[in-house]
Amino acid sequence: MKVVLDPVHGYIELDEVVQELLDTPQIQRLRRVRQLGFSNLVYPGANHTRFEHSLGTMHLASMLMKNLDSIDEDKKLEIRVASLLHDVGHGPFSHVTENVIYKYTRRRHDEIKEILGKGEIKEILKKYGIYPGELAKHVEGETSLGQILSSEIDVDRMDYLVRDAHYTGVAFGVVDYNRLINQMSFHEDRLVVDQGGLKAAESLLVSRFWMNTSVYYHHVTRISEAMCSKAVEHMIEDGEMDPFRLRQMDDIDLIAAMRSSKGYGGELARRLDSRNLYKRALYTGLEDAGKGVLKHRDKIERAEKEIAELAGVDQECVLVDIPKTPEMLEMKAMIKTDHKLVSLNEASHFVSILQEAHMDNWRMGVYCPREHCEAVGKAAKEYFNIKKVTKQFKLSDLENTKVQE
Amino acid sequence: MKVVLDPVHGYIELDEVVQELLDTPQIQRLRRVRQLGFSNLVYPGANHTRFEHSLGTMHLASMLMKNLDSIDEDKKLEIRVASLLHDVGHGPFSHVTENVIYKYTRRRHDEIKEILGKGEIKEILKKYGIYPGELAKHVEGETSLGQILSSEIDVDRMDYLVRDAHYTGVAFGVVDYNRLINQMSFHEDRLVVDQGGLKAAESLLVSRFWMNTSVYYHHVTRISEAMCSKAVEHMIEDGEMDPFRLRQMDDIDLIAAMRSSKGYGGELARRLDSRNLYKRALYTGLEDAGKGVLKHRDKIERAEKEIAELAGVDQECVLVDIPKTPEMLEMKAMIKTDHKLVSLNEASHFVSILQEAHMDNWRMGVYCPREHCEAVGKAAKEYFNIKKVTKQFKLSDLENTKVQE
Amino acid sequence: MKVVLDPVHGYIELDEVVQELLDTPQIQRLRRVRQLGFSNLVYPGANHTRFEHSLGTMHLASMLMKNLDSIDEDKKLEIRVASLLHDVGHGPFSHVTENVIYKYTRRRHDEIKEILGKGEIKEILKKYGIYPGELAKHVEGETSLGQILSSEIDVDRMDYLVRDAHYTGVAFGVVDYNRLINQMSFHEDRLVVDQGGLKAAESLLVSRFWMNTSVYYHHVTRISEAMCSKAVEHMIEDGEMDPFRLRQMDDIDLIAAMRSSKGYGGELARRLDSRNLYKRALYTGLEDAGKGVLKHRDKIERAEKEIAELAGVDQECVLVDIPKTPEMLEMKAMIKTDHKLVSLNEASHFVSILQEAHMDNWRMGVYCPREHCEAVGKAAKEYFNIKKVTKQFKLSDLENTKVQE
Amino acid sequence: MKVVLDPVHGYIELDEVVQELLDTPQIQRLRRVRQLGFSNLVYPGANHTRFEHSLGTMHLASMLMKNLDSIDEDKKLEIRVASLLHDVGHGPFSHVTENVIYKYTRRRHDEIKEILGKGEIKEILKKYGIYPGELAKHVEGETSLGQILSSEIDVDRMDYLVRDAHYTGVAFGVVDYNRLINQMSFHEDRLVVDQGGLKAAESLLVSRFWMNTSVYYHHVTRISEAMCSKAVEHMIEDGEMDPFRLRQMDDIDLIAAMRSSKGYGGELARRLDSRNLYKRALYTGLEDAGKGVLKHRDKIERAEKEIAELAGVDQECVLVDIPKTPEMLEMKAMIKTDHKLVSLNEASHFVSILQEAHMDNWRMGVYCPREHCEAVGKAAKEYFNIKKVTKQFKLSDLENTKVQE
């Protein structure tokens, strides 16, 4: 059996169907889609790709299923293949282009079913007797077995947490996944963690918390991604890019297209290339912003326009970024004790309080070129009716001193 | 310059005075005093000694002082030597014998001053112009510089947390100590952590929390240590051991003495050797036990006697273990921001809630031979007036499934 | 002081001049130049860049100079800056385009002097009183201090060996560089390793040997790089690319240009994108090929043309790859003993025999599309007058089973 | 299933029979027998025990057998149990006492059969239907399956190489054992390594070579062990110790006995406790000593006596240490290629030359108290007819500078 060497998991075995699928252009494209979008602008080692993550996810799914005797070999094959293919529908820079693609094409994850049902992948699946529709359901977590791949504690997030930690160098991204996987099983169609895996599950939550604050929510990443996303919108509006082609692109295609854009896309490409990024005109938590601010999440463009007007700057110069309130889905994983099932945050006081600390990490941001920060910040506070921005000693504030600004 | 290879820190440099001190019998004895007492009965790799910990502490102290230009070379030498010698007063099995020694000799840490002031150590210190009294003060954290060695966040606990993690295999014992050390400095006689080290300080707290629940408070360790401690008391009472000699012994002396004891000490030695340990007759948290139970901490012997009577068993068969309520001293470390000093638990919401979770780990225990567990458990509940023992899904309960019982 | 987190070395400190240089487009471009060219087609984790390597090299240079008290602070600054900038002249995919650029522009490393002497870099250097010409000499190893950066055992190769190991996952790429760096010093203008660092130096050689056989000489990498290099040549010949612009490109520019090529460049781009690579028609060592084959190194094109004719295939289909005979420069590093200087391979029998084993890894190769392998292989043997290809159990032969073919 | 946490392999699963065997005094005793004798006097972290090594060996045997479908479950159980018990016959400080025990009791490994056939172990084996005689054969490598545990490349040496590396901190002790184990299988009753595991097998040889030079042959270890061994002999001769009891002792028993010895044993105990060791009066390789010196291996006592006389010192002061010429048994492991079986040193040129380098590490030594070194060295050279001791720059000579002398 062929193997491939992965710096995270060591040797990963590739059976025949996996070898054939790896050779399709759809999977090879993932070699050129970075896992963490623009996080490498903060953590220079974070250049890893969806390709390795796909291999790693398949590897963990295989490990998990080794202990589950009740599953048919056919079904195990399906899950293994689904793990390998689960990210095949991702656009360039992963999540960065997701919302733009949806905005202009009104198409989202159903795409995966379409990709699996055509071309070389279709032929290979047919040869091995696997139905694309069933695969797509597994990927979406709509089947019972699909929980292995997509649920509160699944092999997808196990792989990316530990992988992202390896490439960023963040020490606490460690997850005791060997232990966790050995303690998982199905209990009446529910994928659960046995009580012997409680501590390993907690380690996953610590890792999640730590990676959120250090990496996933880092303001420099958020700014870069907002800039890239805005550039693509402009190129679509200006007729420089076909939104329906976007999902088939890789990172190279997108950057090359942006560089050759004559408009705003080109300007932002030059900024991203030279790391000449927008800065934070406003950056604040929920206490200061008030819960009402969340209602603006579907009126971002209007906010950008009006803040620009108030500040007397071009609309292109203002990016508004209001994320959903954070949740750590993993907390809802079920722990199986001698007597009953309980959710992880019930089983562990430690986990329950992590959620509390996690809420503190939420920030809304308004970004613009450095020279407009004062004017835009003032306008944004006025627009969102924010009285003051408290200078509290919070994790993500202090952390900004820690990496390249 | 000579070096010695340490599995935790790599090469550790030994300057002349350190080399000479290492050759004294007092330091060589630490090679035969295990760092974690009986924790190796739970974590079989935990056989490391006070000797390596002393070297590691000295190494971290040197690293920390490299960045502190304002300290005289003379003073740096003092602190380095104090770090090396800080555990020279520990009895066999480290903390296990501490209380017994105090009970029968009424002597505690002041011992360190005495040890430093005689024999070969005295001669070496004299040769290098170091005063034993000053050293002792550093070790006790009574000087300003002594905070490096003994304060809320000191090199002593950095070394043991990361070392204990290495030898037990507990993954989350990691501390980002390089970062932490680089961010520490003196601010008006106070050793503080610069805000850039906040996250590293948090990592220390996570490590502390994790090691507490997994290792330091593990019930098997607590039972073994209670057994050993009780054995020594009996040997002293029976005239088989001189309490004033105890502190000079190493682990080998103590075990050999216990094995040759004709009384209860011998019996417990045989039990410890064959890992035939007492079991938990009662093990419960503060909600069930009530805060009043803490008052029994200075009447342990009476409790053991009366519970034994109630249960109709020999008094030797009952061990009562009521620890202090836990605190994580590290929380009080001072963080220096642009504007002011704040304590770590104020600076970090995450840290503040760890304290909460930490309180949950407190347990009192009553231990006895397996065959008496039912009777003793019943008697203990009666004696302490405990109505019920809630079966909650708490860390340390579930964790018992994880290691050899 | 700002820091950046590196997965290999941990926190790397960035002083002011480094921060300013990092913001120049010339350094930012290195974020988009992969360190190992196409090695990620064999080791999927090998996506790291010249940018991180430059930071790492600077970090190690700083570490090394901390122990060298005799060097002026000014000179230390120069070397630090030279380390950061040493790869700024690399073209896309690092070494892959080196030879093509030289072939068409007749310009090689002198380029570095030119890059340092213009634009933003020039201004920053001027501000800090650093002369571009002096920097360039350091980079070329033409100054005494430049040996830190470019000599038999320099910080450049220390960083890339350990970094390439981290990202490929090859376990034996470990170098005990902390120890090595602590044992290096100048002895009469010669950078030498003290005898206490002998074992660490040996570890560097083992690492070098291991990385050569596993990574740097892997046939799949060699084939991909030969394909890319040939594509660029065709594009230059067809007027699709300006060879003088090539060195300023990043990987994205080059791939995008290849994809848009209408000729052979486009075809090879599609093959590389889908990992549909040429295969080995001939692959053999020096015993079989005879030393005479080395003379063909400067007549590669003629060989390709004639082999293609003999085999009756298009000339584009044949790639001939005859590397220089391998040497491990590190062997010539000087070790300083109590009495004299000796070279590493004299000081260590182990090292001297590594060179022997290393010669065995040399292979020449002739590559072509899979369907022509038989015909081309036959023709190549005829052309180079190779009687037989021995099937010996050599490292690199057997290793092919280990990774994706 | 219960698990135990091992710092080297992570969680190790313990099935029922293993749990029962772990509770026997014979296995518990191994907790108090250090794996590396007195190596902790050089590498302070090397305090690990035969107990953890036994668990690790069992773990690797289980891993290896998972892939061997043709073996009966019954037989797998036997091998697992044999792996756990394989060191149960070791005396205190492992190999240190081996020769003395044999000298005075004429009993060697057959002991293992006796231990397995009595007491609690016998009862447990009986309960699970396992024959002690069969187990003993597996341990001795006399059965086909026993090769898993005892052959050229077995799980015993895999575990100890990687474990000794972890605890000493020697970086190159790494073995790619996961890969190696996955590539091992039986080929007509011969345990072989598939060609895909060649590189992993090479990694084992590098590790072996490195550990030999750095750890196993370190002169300080050899001196300490010679001292301990000599002390025991004296105690037996003086009637202070029963040689037949020796094998049942643990390290504590032995040290305690030595400390209470009134004769030479007591003196050496005090020296070992305070690390006041003998020094090298003579230490030289085979070129200088001549092959004839090997004939003295069975006349050590006579050599010690006569050298002492020549030097005019007490016989107790002279220790002669002439080891066998070194071999690396692992080289003879069989590699299975597509066509045939070849030995590892035939399959790999690299391995074949390692043997050469390895011969260079051989040293004979004559040790005595520091003050007699000159006289004893002179006498020893005369006695062994050694003309000169070349000062070559060999590994182990230079290495002496690296660790505490």
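Note that the chains take the letters A, B, C and D in the order they are written out, and that residue 1 is the start of every chain.
Note that contacts are C-beta pairs under 8 Å (C-beta built on N, C-alpha and C of every residue); 3 or more make two chains touch, one makes a residue touch a chain.
Protein identities per chain, from UniProt: A, B, C, D = Putative dNTP triphosphohydrolase, Archaeal subgroup.
From a predicted model like this one, the values you see are computed outputs, not experimental measurements.
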Exercise. Would you mind checking the shortest number of contact hops between chain A and chain D?
Key: 1
Practice problem: Give the pair among B-D, B-C or A-C whose set of contact pairs overlaps with that of A-D by over half, matching residues by number. | Solution: B-C
Practice problem: Averaging each chain's C-alpha atoms to get its centre, pick out the one most distant from chain B. | Solution: C
Self-check item: More contacts between chains, A-B or B-C
Solution: A-B
Quiz item: Distance from the CA centroid of chain B to that of chain D, rounded to the nearest Å?
Solution: 33
Practice problem: Take the average of all CA coordinates in chain A, do the same for chain B, and state the distance between these two points in whole angstrom. | Solution: 42
Quiz prompt | Rounded Å distance, chain B centre to chain C centre (Cα mean) | solution = 51
Quiz prompt | Of all residues in chain C, the ones touching two or more other chains | solution = 3, 10, 196, 401-402
Self-check item: chain A contact footprint on chain D (complex, rising order)
Solution: 3, 10-11, 178-179, 182, 196
Practice problem: Write out the stretch or stretches of chain A touching chain C in their complex. | Solution: 2-8, 10, 14, 22-25, 28-29, 31-32, 40-41, 43-45, 47-49, 51-52, 55, 166-170, 251-253, 255-256, 259, 273-276, 401-405
Quiz item: Contact residues on chain B for chain A in the complex?
Solution: 171-172, 174, 176, 195-196, 198-199, 202-203, 206, 209, 214, 335, 337, 342, 346-350, 353-354, 356-357, 360, 393-395, 398-399, 401-402
